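Chain nomenclature is as follows: A, B, C and D, assigned in order of appearance, with residue numbering initiated at 1 for each chain independently.
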Amino acid sequence: MADINKLLEGFKRFRHNIYDENPALFDRLTSQGQTPKTIVVGCCDSRVDPAIVTDCDPGDLFIIRNVANLVPPFETGGNYHGTSAALEFGVRNLEVENIIVLGHAQCGGISALMQQAPDEEQQKGFVPSWMKVASNARNRVLSRMHGEPREKQVRACEQEAILVSLDNLLTFPWILERVAQRKLTLHGWYFDLEHGELLRFNPDSNRFEAFS
Amino acid sequence: MADINKLLEGFKRFRHNIYDENPALFDRLTSQGQTPKTIVVGCCDSRVDPAIVTDCDPGDLFIIRNVANLVPPFETGGNYHGTSAALEFGVRNLEVENIIVLGHAQCGGISALMQQAPDEEQQKGFVPSWMKVASNARNRVLSRMHGEPREKQVRACEQEAILVSLDNLLTFPWILERVAQRKLTLHGWYFDLEHGELLRFNPDSNRFEAFS
Amino acid sequence: MADINKLLEGFKRFRHNIYDENPALFDRLTSQGQTPKTIVVGCCDSRVDPAIVTDCDPGDLFIIRNVANLVPPFETGGNYHGTSAALEFGVRNLEVENIIVLGHAQCGGISALMQQAPDEEQQKGFVPSWMKVASNARNRVLSRMHGEPREKQVRACEQEAILVSLDNLLTFPWILERVAQRKLTLHGWYFDLEHGELLRFNPDSNRFEAFS
Amino acid sequence: MADINKLLEGFKRFRHNIYDENPALFDRLTSQGQTPKTIVVGCCDSRVDPAIVTDCDPGDLFIIRNVANLVPPFETGGNYHGTSAALEFGVRNLEVENIIVLGHAQCGGISALMQQAPDEEQQKGFVPSWMKVASNARNRVLSRMHGEPREKQVRACEQEAILVSLDNLLTFPWILERVAQRKLTLHGWYFDLEHGELLRFNPDSNRFEAFS
């Protein structure tokens, strides 16, 4: 109960310090609805909360969080496409102008993906099944970094997986159309929590570069 | 770019005020990994960020965010079960002790669900498909609140959908087992952003009751 | 043959005491067809015959009987939806005004469901497959009554299963529509054959309450 | 409410006249469980209640009721085989000694089946789908009674459908085995509610013959 009580105490602080102190903001957010300009696809990891890491305000970010901040490809047949539904809502209903895929160091999902032997790909469980979305990233890393230390491979895969998700975003026709028309911009960000650094993918240099 | 620059400025504040000021916390979080005690299943809505609403610290909450904070039922056949994968990771790998389904007022997903005419249920798109997870909530509200104002119906459905998700959590065998053994507790919370109130579901009274 | 002869003797009594004594009733029932106002979804159990327990007349009740008086959810893909077909006939053709889900104590189907170990859920046979309709009821009971005596769990599950069936009734669009329009009323009844009591679900109190 | 009140009044009579008057019977039924010797597969039709038509006692009959008293063939793939589950429970758990398929005159399900044009077989709805179980009966009647009055065809189909169900019962391996060993007997009965007559199928004469 200590953990729950801490959250309830936190709510009181939010209510007192944020909600009561910003009546105009919350009036606008409730009377006009949300108008975020940016979607963040982040990881569920408790250490890389997008709202904390960007110190954003209520109303700023439409945030999707799943294991390893993945975007699956456009695929109409399956059931319960939670991430696709959230993208659809954010892009088509809210008309955001940015989508940030926010990866991070020490990702448990990517680490699990890299530890699978090739013949374990069919292993059971929702996590292995979900992580297949990033299997292209894993393949790229295994093909060019054979024999290198596991940590380097995992870090490389964490970044490659961001690029796979950026690719997959373009498979949604209503995303591709808006990107082509310059109404929507896609961003690949990587939070290195070991060093407190934010890296951003630069398509020109084809590298993740530190922001400072 | 103004929106992206605001986020980058926010990152600088996070880096300076949070990361650099709490070296022991981030040392622990990176050397020992994350050990959150609580999963929050929250909505993508930009106005109800779980980290902001609970003023939590990095490392406190493993957060899943999808449209309308839904938990689909345990179902092994489909592809890309993002929410199920995240629950599996949080419950089985991280061994959290609480799962909070955090609903909220003015939910766009629930509002869309309630506006569907019965014969539109087969309509296309990821959002209608995803929102079917909450169709029992919609049915309950339509059956007992016919003719009442739309806003009352939506609010009732937002709360019923939390109960559907709590039911669905129990369909995951590794959740049911831990709940039965009192190792894991499920919570239904509802953030009324219009009044700044937090309501919690009380199974004894079968009602959502205000926390103050 | 004794059992069959008893039934044939019973038919003679029916013919003499009921059929021949009520020519106007049977004239109406055969010339105008049946016009029951109520569907009962009852269990096959020989001890809880709906016609006996309500001492009804021929023509009063359109009765569906299956193991554990279950209503599966609306689901168009499968084959041989016997219960769904009977509901469709009663609601759409006969335009009944009430549906009673009539549960009961000492239900063998529910007892079997509660005796399954979680890892036996995939066991073979028609009964385990059919009883999955009530798995949410089982989950609720196991999650909150861990360690309590089996009989108490079974009784709680018998009642929860009635609520699951009431929920499932609302998944049929032609039922939901009529309930919303107040043309059709759903009832959850529970016959406690050990004490000869009839309990009815009260949605306001969220409890089964004794009728007397 | 008048209909529901009539049922509640009926329950009071049952409680007073049957339950309270037969304490030894109900003591046995609750302390030892049910031990019916006979399964009846009857129609949901409100005019042909098996308990009323046979004037049976509580505990005598394990009763399955679906539209048109049909038995589908043994078929393991589908979902929610309600009738198959009930047969399994009655034959394998309760070890009944008789199964009576109880058909009747003026069956709405059979009438609907006979009114379908051949190319309407794919028509929508649960009832047409369910009635396909009896399509062999329909085919036999159409092939040999072409041009005869509809009522004669329907009556013939009602009786043929009983024979189809008797055939289908034998597709269940645990029924076939018991029938072969003379532990279980199958009966085809037909209640002619227009004349108050009970007809029984005689395999030797291959006819339905009146019981008197």
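Following the convention adopted for this analysis, a contact is a pair of C-beta atoms (placed from the backbone, for glycine too) under 8 Å apart; a residue touches a chain by one contact, two chains touch by 3 or more.
Composition by chain, UniProt nomenclature: A, B, C, D = Carbonic anhydrase.
This one's a predicted model, so the numbers in the text were calculated from it and none came from an experiment.
Chemist: Name the chain whose C-alpha centroid is most distant from the C-alpha centroid of chain A (Carbonic anhydrase).
Modeler: Chain centre farthest from chain A (Carbonic anhydrase)'s centre: D.
Chemist: Can you work out the whole-Å distance between the CA centroids of chain B (Carbonic anhydrase) and chain D (Carbonic anhydrase)?
Modeler: Here the centre of chain D (Carbonic anhydrase) sits 48 Å away from the centre of chain B (Carbonic anhydrase).
Chemist: Which integer distance in Å separates the CA centroid of chain B (Carbonic anhydrase) from that of chain C (Carbonic anhydrase)?
Modeler: 35
Chemist: How many angstrom between the C-alpha centroids of chain D (Carbonic anhydrase) and chain C (Carbonic anhydrase)?
Modeler: Chain centres of chain C (Carbonic anhydrase) and chain D (Carbonic anhydrase), defined by C-alpha means, are spaced 16 Å apart.
Chemist: Could you state the distance in Å from the CA-based centre of chain A (Carbonic anhydrase) to that of chain D (Carbonic anhydrase)?
Modeler: Their C-alpha centroids are separated by 58 Å.
Chemist: Please list all residues of chain C (Carbonic anhydrase) that touch 2 or more other chains.
Modeler: Within chain C (Carbonic anhydrase), no residue touches at least two other chains.
Chemist: Taking the touch definition from the header, please name the shape of the chain graph: line, ring, star, complete or other.
Modeler: If you draw each chain as a dot and join those that touch, you get an open line.
Chemist: How do the chains pair up in terms of touching? List each pair.
Modeler: A-B, B-C, C-D
Chemist: Hey, which residues of chain B (Carbonic anhydrase) end up touching chain A (Carbonic anhydrase) in the complex?
Modeler: It comes out as residues 3-4, 6-8, 10-11, 13-15, 17-20, 26, 29-30, 33-34, 36-39, 44-49, 51-56, 58-67, 70, 72, 75, 78-90, 93, 97-98, 100, 105-106, 108-109, 125-127, 129-131, 133, 187, 193-194, 196, 198, 211.
Chemist: Could you list, by residue number, the parts of chain B (Carbonic anhydrase) that touch chain C (Carbonic anhydrase) in their complex?
Modeler: Result: residues 118-119, 121, 135-136, 139-140, 142-144, 146, 167, 170-171, 173, 176-177, 179-182, 186, 203, 206 of chain B (Carbonic anhydrase) touch chain C (Carbonic anhydrase).
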